[in-house]
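One structure is given below, represented as structure tokens, and several questions about it will come after.
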Amino acid sequence: MYIAVIGPDAEATSMNRQHAYEVGHLLAERGVIVVTGGLGGVMECAARGCSDADGMSVGLLPGRDRRYGSQPHAVALPTGLGELRNALVVGCADGVIAIGGSWGTLSELALAQRNGVRVVSLNGWGVVDEAGRPLEVETAISPRQAVDRIIEVAGGLLR
Amino acid sequence: MYIAVIGPDAEATSMNRQHAYEVGHLLAERGVIVVTGGLGGVMECAARGCSDADGMSVGLLPGRDRRYGSQPHAVALPTGLGELRNALVVGCADGVIAIGGSWGTLSELALAQRNGVRVVSLNGWGVVDEAGRPLEVETAISPRQAVDRIIEVAGGLLR
Amino acid sequence: MYIAVIGPDAEATSMNRQHAYEVGHLLAERGVIVVTGGLGGVMECAARGCSDADGMSVGLLPGRDRRYGSQPHAVALPTGLGELRNALVVGCADGVIAIGGSWGTLSELALAQRNGVRVVSLNGWGVVDEAGRPLEVETAISPRQAVDRIIEVAGGLLR
Amino acid sequence: MYIAVIGPDAEATSMNRQHAYEVGHLLAERGVIVVTGGLGGVMECAARGCSDADGMSVGLLPGRDRRYGSQPHAVALPTGLGELRNALVVGCADGVIAIGGSWGTLSELALAQRNGVRVVSLNGWGVVDEAGRPLEVETAISPRQAVDRIIEVAGGLLR
């Protein structure tokens, strides 16, 4: 199973980073391959947690230079796609855990929702319709709950 | 100047469609090239308004078959990129008018915000941060206001 | 009908450029929309010929800045895809005319052959198999022959 | 270091497959990560050789369904990019070994040459200019020579 962990780069909070580390660690313990956008913040912390649990992580970088990828990713692929790589990150995963909020993260979350890829959000941004009513995005209150839940719901959708 | 008009396909409301037609018409009157995702609903109505004002519109289709493109687009390009074409639609425009809400539309709006491409929204979805505070997305109350505003703010950012 | 005209940028010969101008002019006279990679050399000359015959041309630029597009294109779209835009150029066309040779041009010609998009080549590079035997790529001896032939063979494959 | 191994799918010869297996094995022994297009033939055999030497391989699939990926890849990413993934395969590698010939393989080889990514070819197709003169593509006579050479020439270009 492949789970994308998405979230802010430099603007990630320290709680976002801690959660990302724990999520990466827990996913690796469960044998899940972690996919990220390959940069810092939530992406780097998820990869480090994964690495510390001897797991496999793949970073899909927006640019063409692998050296901008964050160290702990086991595999770092410079796509040269710019922000189009956001669609690649969620499109190649069986499910998504979103940690924290940013416009880039929201674009990935929205693409996942659009394409029926399951998402669980931890301290992420919310969406309201034109009348101000909240749209449903599944949320978790802890890294463990997020991991348990995404493995449960994405399990039936293996691609 | 190139302005992307984004919004729902089949789930567009009749008000969304009417607004899209007027926006397309007004943009064409101002000599703006209209870019859309090439399908129905808001995309088709914007292209029809543009066409009825003798304007130029380009539809960037997700699939590989031009015949799925909606008729009124002057140019229809089947990209074969799937949802990655969303990033192309906003990435090749100088500004974005979002009409109505859907997850695909939100992904495009978020990518535009992420990349500093100006957006004006008409009856679109809103975004709230993790504490429930609304994030600023510029809104308009009429097609004319949306068009005036996007031409004003995107004018300095010609790419 | 949409025909991609592919060929070298700065390294185009003066014969390549003259052929490209004539091909663009003839395609426009026949009502065909011309698609190019949006830069100079063969791409610019094809767009200029098209423009001089009041035709429609679309340039799909590799970068993110429209100002690098060559002037005569009626529509210039900065894709930000880098060399991935080569696959977009041939993938959104009903047929391809290749003028002159370069590695970028060859990548487009090969993608077209791979995907069953018809190609006619004017003074282009050739391909030989591992035993040195030439592989068949249809060639023309003049712009007019190239245009007549691509319209004939691509006509049945409209997408 | 990341090396892309490119070559035909179903039309690969038995010699192509044997060479691909050896190339994948030798690259893994040298600690190189192998990148392929994720399908059968040369791609599958390179991944199997890599796997049998306890190496890491990544398959970048054209479609959206991971189940079409060939088994021995350690990581299989469905890109949904169609033939645009060819540019991704060579663009994310530090060098390329081309084994055997096909139009898809030639498109990748040409993109690599275009972008200054070093290529070594084993029993691949050749390219001649408009006057019939062969264009230089570096060739090897054995898997070992191809691997030694690509590691030597790509070493200075690490991205």
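Letters A, B, C and D mark the chains as written, and numbering starts fresh at 1 in each.
The rule is simple: a contact is a pair of C-beta atoms (placed from the backbone, for glycine too) under 8 Å apart; a residue touches a chain by one contact, two chains touch by 3 or more.
Just so we're clear, the structure is a prediction, and the values are computed from it rather than from any experiment.
Student: Counting a repeat as over half of the contact pairs in common, which of C-D, A-D or A-C repeats B-D?
Tutor: A-C
Student: Using the stated contact rule, I'd like to know whether A-B or A-C comes out ahead in C-beta pair count.
Tutor: A-B
Student: Using mean CA coordinates as chain centres, what's the gap between chain A and chain B in Å?
Tutor: Chain centroid spacing, chain A to chain B, equals 27 Å.
Student: Which whole number of Å gives the spacing of the CA centres of chain A and chain C?
Tutor: Those two chain centres are 40 Å apart.
Student: Enumerate the residues of chain B that touch no fewer than two other chains.
Tutor: Answer for chain B, listing residues that touch two or more other chains: 64, 80-84, 87-88, 91.
Student: For the complex, give me every residue of chain B touching chain D.
Tutor: Residues 64, 80-84 of chain B touch chain D in their complex.
Student: For chain D, which residues are in contact with chain A within the complex?
Tutor: 2, 33, 35, 56, 58, 60, 64-67, 74-75, 77-81, 87-88, 91-92, 158-159
Student: In their shared complex, at which residues does chain A touch chain B?
Tutor: Chain A residues touching chain B: 81-84, 86-88, 91, 100-104, 106-108, 110-111, 113-115, 123-130, 132, 134-135.
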